[in-house]
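In the two complexes below, subunit A is the common chain; its partner is subunit B in one and subunit C in the other.
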Partner chain A sequence: MIEILSVRGPASIQDLGRLDQYRFGVGTSGAMDDLALRAGNILVGNDENAAGIEIPMMPFKVRFCRDMAFALTGADVEATLGGHAIPPWWKLHACAGDVLDLRAMTRGARTYITVAGGIDVPVVLGSRSTQLRGEFGGLHGRSLLPGDILPCAAPSIPGYIGELGTEPADIALARPNTPAGDITVRVVIAGEYDAYDGAAQDLFWSSSWKVTPQSNRYGYRLQGPPVKSIAPIEKRSHGIVPGVIQVPPNGQPIIQMRDAQTSGGYPKMATVIGADLWRVGQSGLGGKLRFEQTSYADALAAHDEVSHYLNRLRTSVRLFEEMRRCR
Partner chain B sequence: MPIDTSEIERLAKILEHSGIASIEIEENGQSLKLVMEDTQPSVRPPSLVPTALPGDAAVIVKADVAGIFVAAHPWRAKPFVEPGQCIEAGAVVGLVKIGLLYAPVLSPATGFVDAIIAETGATVGYGSPIVSVQATA
Partner chain C sequence: MNAPTLPRISLLGTTALLFEAPGTFDLTHQRRIWAMAATASKWPGIREAIPGITNLMLTFETPPRSVDALVLALREGWDEAQEIAIEGRDIELPVTYGGEIGASLQSVADHTGLSIDDVVSIHAAPLYTVFALGSHPGYCYLGGMDPRIAMPRRQTPLQRAAGGSVSIGGSQTGVSASPGPSGWHAIGHTTWTFFDPSWSVPAALAPGDTIRFKIERVIR
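Entry: the complex of A and B
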């Protein structure tokens, strides 16, 4: 078990999401940075879909109630365990009573804690993810509070082998030619793209979009030069998915994220490809996003690149731990 | 492709600790046979450490895996340790990069860091000296 000692902002339990209920209007939820959650689970020997803790704001402090291996992935954070500094993207061992203290976040927007065995909250509609809108899943369907006790399942591979780090995803999957300080995400154009003239389309591609404080697990509201359609667009609500970039009448794009509603009526300019959605999830308030047009084929290739990174990571961790066991 | 010497080191280490007497590998017309002696391991890891480097309480922290040494995490400007710094046993003094993995080099002793011996970017193997520490406890 883990006890939450202090928390600021909406930290929540997330796995990879509730993917099978979309047709009933139940949003996916799930980790905003799915790669960080997967990498953390790989490090501690879990199924990649095991639930972890997503922490968007610091400080955050927990106490381990028994000995267990855990990992920190995602955003870089000044972290200590019993006063000792922990490097980024790192697995180590906590003893019963140890306090994990996460302070200032220095890079990225969300840190993940995964524990060997996973956070063992009940599976609701196929997932342990917190559905904040519907108030179910996770721990009592809500964000974490001080005093919360998180149950942890027994690890599938018993025995701790040793500390180990891995290359953060933003290094392993670095994108070329991104202006310093900006995050570039690849998008495919969507349904209403042609309702904008060339000048408006150029603005969409060439602008550096600021992530406003109205950005969270539901969606990211961006700020930049207004992108206006040729004529006002009135659409009935229709199905949308996380990653869809809508442009409301004020011309300021909204990227729908993991807790988005399953439908909406604003015109859709483009959709962030699945392989890059985690990059949006790691863009903090005040950060800058750029959109780069890509094709469906290239979006699939990007997905393969992510799978390749995860396969390599999975194999490397397994071989390395086996080698350590031999000693 | 010739058999990598770091592979031989690693295999020898595994033999030494697993109690297996010998191993024979054949690959692409090449063969490698490692046999353990009864009293002493036949293959010692190439200990590159001069035995009397610093003073008597000096401890040489060594790599326990082959890869590329880095003194600082790529996300951080500051190295894990710097000369003069006080560290505790178990502290991370650097990383050995092996593909996507960052294996920590851990100090076995509490004390003061004397010198960073390995250079960032250098290829290190099992037993390569990484950092020297003046042990205080």
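Entry: the complex of A and C
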């Protein structure tokens, strides 16, 4: 078990999401940085879909109620365990009573705590992710509060299994030619792209889009020069997925994120590819985003690149375990 | 709303494909969408086939190497799709029009040039059909609204609209099942449970069900 000692902002329990309930109007939820959650789970020997804690704001403090392995992935944090500084993207071992104190994020927007065995909240409609709008899943369907006790499942690999780190995803999968401070994400154009003239399309690609304070797990509302369609567009409501970039009549794009509605009718300029959506989840308020057009084929290649990164990590963890057993 | 003459098929990144049927927003077309959803949900590699308003979204188990085969199957599927009539439930929903939650009732009256009473009676007159579920858990998109009370969606969506809001967006109407962001105009509210994850089918209503709004009260 883990006890939440202090929390600021909407921290929540997330796995990779509830992917097959769209027909009931239920969105995916799930980790905003799915790559960080996967990596964290691999480090502690879990199934990649095990639930972890997503933390968007610091400080955040928990107490481990028993000995257990855990990892910090996602945003870089200044963190201590029992008063000693610890690195992110490492699997570490906590003793019963140890306090993990996340003090400040130094890069990125969301940190993940994964624990060996996973956070064992009930599976609701196929997932442990918190569905904030529907108020189910996660811990009582809500964000975490001080005093909450999180149950943890027994780890598949019992006992102490050594400490191990990995290269953070944003370094291993760094994108070339991104202006300093900006985050570039690759997008595939969507249904209404041609309803914008060349000048509006150019603005979409060339602008550095500011992430406004109205950005959260529902969506990222961006600010920049207004991108206006040639004529007003009123579409019949249709399914949308995380990553879809809608442009309401005010010309300010909104990237749909994990808690987004499952359908909408605003025109869609493009969709952030699945392999890059975590980069959006790691851009903080006030940050800058840029869109880079990519083909469907290149988007699949980007997926493969992410898979290779995770495969390398799986292999490292396995080799590390084998070496340790041989000693 | 203009009626396209050919189906439109577009990508939603690497996650899904969107099929938009040609023709008008009516029950005839929606019944073909329901038929196509039933078929497409069994296609290999498709996680879910989700009806929208005269459109259909297919989500992928994993992104296919090429979507050409799916695009072809969708085009053929639409041509072959026969209307299916679903024998649904009939629900009567009492609605309080206007008030704090339905504050856009006046804006709809202003926009349409109708009186508040007219907007209310026009909205409550039809027998609506649940065309599709979407937006948020348990939310139903309804077909059958009188186009006289249509109003374009908001220029900028609201961060938070109340649960139970009865609202208009474009030529569509619906009732929200829980509080959350919305680009629609709320003209009233209802108290009803649309969704419970512990039910064997978590949503109370399904495509094909019908709804009649009963005017409980009008707050001006």
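Heads up, the rule we're going with is that the second predicted complex is superposed on the first by the 327 of 327 C-alpha atoms of A that agree within 3 Å, B and C clash if a C-alpha of one lies under 4 Å from a C-alpha of the other, contacts with A are read in each partner's own complex, and residues count from 1 in each chain.
Keep in mind that, in the parts below, a contact is a pair of C-beta atoms (placed from the backbone, for glycine too) under 8 Å apart; a residue touches a chain by one contact, two chains touch by 3 or more.
Note that the structure is predicted; figures quoted are calculated from it, not measured.
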Inset, instruction - Classify the contacts of A:A153 with the two partner chains as first (subunit B alone), second (subunit C alone), both, or neither. - result: neither
Inset, instruction - With the two complexes superposed on chain A, say which partner A:A195 touches: subunit B (first), subunit C (second), both, or neither. - result: neither
Inset, instruction - Using the superposition on chain A described above, determine whether A:D20 touches subunit B (first), subunit C (second), both, or neither. - result: second
Inset, instruction - Considering only the touch criterion stated at the top, classify A:V99 as touching first (subunit B), second (subunit C), both, or neither. - result: neither
Legend entry - First (subunit B), second (subunit C), both or neither touched by A:H84: first
Inset, instruction - Determine where on subunit A the residues touched by subunit B overlap those touched by subunit C, and list them. - result: none
Legend entry - In the complex with subunit A, residue positions of subunit B that touch it: 10, 13-14, 17-18, 65, 73-76, 80, 88, 90-92, 95, 97-104, 106
Inset, instruction - Using the touch rule from the top, collect the residues of subunit A that touch subunit C in their complex. - result: 19-27, 124-125, 131, 133-137, 187-191, 214, 218-219, 232, 234-244, 248-250, 252, 254, 261-266, 268, 271-275, 296, 299-300, 303
Legend entry - Residue ranges of subunit A touching subunit B (in the complex, touch as defined): 76, 84, 87-90, 107, 163-168, 171-172, 309, 312-313, 316-317, 320, 323, 326-327
Legend entry - Interface residues, subunit C side, partner subunit A - complex: 1, 8, 10-16, 18, 20, 25, 47-57, 59, 63, 65, 67, 132-139, 141, 152-157, 159, 169-172, 177-181, 183, 195, 197, 201-203
